[in-house]
């Protein structure tokens, strides 16, 4: 890591956002226990590097499709923790006015086309957005986040084929965290390196250490360059691990002994912190200050969510159609 | 007004909208070089080029979902699914993605996506190429459903669908493609959703007829007029939204009602219409709400069997006589 | 009889059938090691081993279709789809393959395939994990649909499904899993499809209640009894086939009817039931057929909104009062 | 080709069945024009070698799933042209009692799990049948026929993944005839050798000359051996070409100039005939006799179909459920 290659803005951004994602998840979990948050949480603790660094390689005009484990992606793409927390709390001040919850957060201004409760649901959407960019000759890409479990859905195949065929500016970003719910990756697919699948669609598949923010950033940047140059999609497989249950409350009966501990030793957030310190570009005080600012931001987010009023019941019937037809209930 | 076939009317609607708005394009299996297996998009490739008239792989989920993705970033796609029977191959992208995107995002997503799809039995096409699947999607809030029965309605409703900002399932009946009718030339001719058309006025019985059954209802009405029975024929034109008012008013007048569609009887579109009437028009009813539709078996191949399973003019005539003579 | 939870009843039915018949097995996402995300198949892996309790990849079309393929060559599979919301991910294998295989082959295919799937809103699970999609498949001839409301019904109907030779969609309501009830111990206890259960007799109003709404209807009936209103509660138990006779007889007695389900109102299962009554029981009706169900919007996340959208006991009570006091 | 490797029974079988398939299609087309057959026909003229030789490598206990272009598969697997022709004519003497037609012919005794009107509909079914064989420890395989267009359906991916994961005894047999309806293969997928896709599922993909019956036979035999040995699936891609329209009546606007002629020069039926003659194992008279017997069989089939009565209307309501519930219409 050196100054020449990585601007301080970038490094600070990566560190701050990874910290934010980690702490956001821990706060959300605490607030769920505390009763502020009514729904499920699928936290991405342990996967901060993929979410943040992949998004860091994108422009604001680029778009992403996210998943059930989407908080990191959304924060990475610029999502405001205030509106996210309010959404998790089911308030109308939230991103989706309390109608969507964790699984459905979207912000079209930030290029977040939506988290998704359907595994594999985002693939065709990302391909379609990329098609629009290509047709309009815009220098934008679409990135689809997905898991090692999701790659086995038919939508992956259909979308990868379409994207490869039309050389769409899309990046298929697989967070291979070794499990889909309670089923290990090796019991979901006959191959371990999922990047191999790209060849069947005529585009490159690359494997990257998903706990190394810089490696993720570089791979994504390269895929984006390819896409913008008209060379089509890339499949990036980032090897990573989720530290908490599939959802909060998951008894986690399925883990291999010692596996969690081994991965925790490679926790991406402290690893990146240590690297920044080692590089000499940052000192402890600077990082602590960033960390404090994250905490302050989250204090504010939680306070915002807690203070926000619950939606009025009539809101339940709003925002379903753009074109209403007077006098008709439908 | 000049006469067009239903097929030409659909093509004209698409072409006009594509000329009008560069963000509109058409994609689907064999829509370009082949011109659509039903010939509906013939000539469009030549006019608009392969960027905007796109042949796709055989991948219904990707076709529908890519349409959705393009719509979410500002395009106004028309996607074609060759047979309504194949909708469930991409069903999730309809029910969980396109239909819900706006609501789930708190009203922020715009989904100007039109899914054109054929419906109905073209004759000996058997169980997987003959279905009328309109009602499979009626339970899902967030998607509108159009079922035009005439060339003019096809044009006007399709243009409304394309210009709108909501996802629409647009069902074109295969056996109507060759039918002709006068169609307005005005490039801004559109028809509102949720407005039924009183196709024929009458006083004794209301027939609420959907898609191809409008023709059959009119034929029945002609026949019955000879027996002194005055039949009113109403075409809802869109199933979601449904113009309850017009239906209820007609029943208030005639106090007898038949609902006719080509879809299977059980839980077809007629179930919802009958339920609406049983709830909101029951005091006007003098007799049962009769539904006419395909019998509850998959569509058989053999013409003898298929004719027996599909609803026809004679079924409508018999039902009207039953209602009136009770 | 001992008390079991609904969840235990489902597990017992599966386990008994698997002990009885080596051709029965269970597969689905996380059904083995995890014991099912709802815990329904907990312990079954230990008893039956990983050959017969199989975790699958996340591939709904392959899960359902592989169940069908195995059934066609003589197995008797139970496949689980975690949420009813995901059925359209494998929809084609249900509607065009499993449902039609027998008919299209001239009655030769045997399809002893049971598709277990959860339904209903578990609370703040939002639009893609809360749907009650029963009616999406009711229009499709060839597949049977069960909607058990009690532990005993769950056991008896599931065993019938597994022993039968037709494909069945078996909807288990997530909020019923923890409910208890007495369940026969007889390993041959089965319940016929197409036989409604008169859960509570009454004379003033009939409530036809589906799945979780049976409980809410009973609660409403208790409340209304205090007002001197006698409510009959009927649970159809299977939607296909539907026991029209029992429903009609009840309406003949009470002349007032409410249909309650958690599915969205438009084109939910209640549409078909209301239509059947409007056709076959109209002469008994003294007042409208009232449907109660989720409002026609996707299920919202926020509890305030969700409660407003979902149907509750108070909606039933209000509807009954309206009907009786008219 | 020599006596040692290929028994006369096999060679005669291949020649006779390929001739039967070709002539069956031509008869069916003629009878459709003549009015005996009411529905669509998707003929497999030009693809006789794949259908017949792949099935020849199977046992009767093995099963196949077929497609809209299925007549060759069915005849290859032992289907009786009499009942097929009667089905095409919509008679109750047909395989499906007139209820299914060309798209839905099945014969469970012969291991024909069904033609299919849904492109890609057969993949999961074949995987499931193979699963049953594996669980019951039966020495049987399932073979899924499909086209170059069908491989892009999500069901291919989900089924290949499942089959690879569980090492199911299944053969994915792709008839790459260069078109899906009117769209050329290279406009449907970004790769031309579809066999490449097998690697993503951890099993071998092989390419074979689909107009060479012996090559097809050998590849299928090898795949079957693999499957029975517990080594899992094989993807066979047979390069071939369809000589007639996608369906009868197809204007065929989409063909490359000269393409049809080039492939007709490699017509698999005369090619195999010539090879038999050249081998010295058969003389002209023997082959002519076989051809005559095919014609006689088809005369009989057409006569049978034409003489068979149309179904009675009540039959339309029969055979939908196994378990009927007295007194209930549903």
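Each chain gets a letter, A, B, C and D, in the order it is written, and its residues are counted from 1.
One rule holds for everything that comes next: a residue touches a chain if its C-beta (ideal position, glycine included) is under 8 Å from a C-beta of that chain, and two chains touch if they have at least 3 such contacts.
Everything numeric in this text was worked out from a predicted model, so none of it was measured.
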| item | value |
| --- | --- |
| Chain pair with more C-beta contacts, A-C versus C-D | C-D |
| Chain whose mean Cα position lies farthest from subunit C | D |
| Between subunit C and subunit B, distance of the C-alpha-averaged centres to the nearest whole Å | 30 |
| Centre distance in Å when subunit C and subunit D are each reduced to the mean of their C-alpha atoms | 39 |
| Inter-centroid spacing, subunit D versus subunit A (mean Cα positions, whole Å) | 45 |
| Geometric centre distance via CA averages, subunit C-subunit A, whole Å | 36 |
| Residues of subunit C whose C-beta touches two or more other chains | 57, 59, 61, 85-86, 89, 92, 96, 103-104, 126-128, 141-142, 240, 266, 296-298, 300 |
| Residue numbers of subunit A (touch at least two other chains) | 96, 98-100, 104, 116-118, 121, 152-155, 158, 161, 165, 187-189, 320, 330 |
| Contact set on subunit A toward subunit B in their complex | 63, 65, 94-100, 104, 106-108, 113-114, 116-118, 121, 123-133, 135, 142, 154-155, 158-159, 161-162, 165, 318-323, 325, 327-328, 330 |
| Of subunit C, residues touching subunit A in the complex | 29-30, 33-34, 37, 55, 57-61, 85-86, 89, 123-129, 266, 295-298, 300-306, 308-309 |
| Contact footprint of subunit D on subunit C as seen in their complex | 25, 51-52, 56-57, 59, 61-75, 77, 92-93, 96-97, 101-111, 141-142, 144, 164-166, 192-194, 240-245 |
| Residue numbers on subunit C that touch subunit B, as the complex places them | 85-86, 88-89, 91-92, 94-96, 99-100, 103-104, 126-128, 133, 135-142, 240, 263-264, 266-272, 274-275, 277-280, 282-283, 285, 287-291, 296-298, 300 |
| Subunit D - residues contacting subunit B, complex | 38-40, 87, 90-92, 96, 98-101, 103-104, 116-121, 149-150, 152-154, 180-183, 187-189, 253-254, 310-313, 315-317, 320, 329-330 |
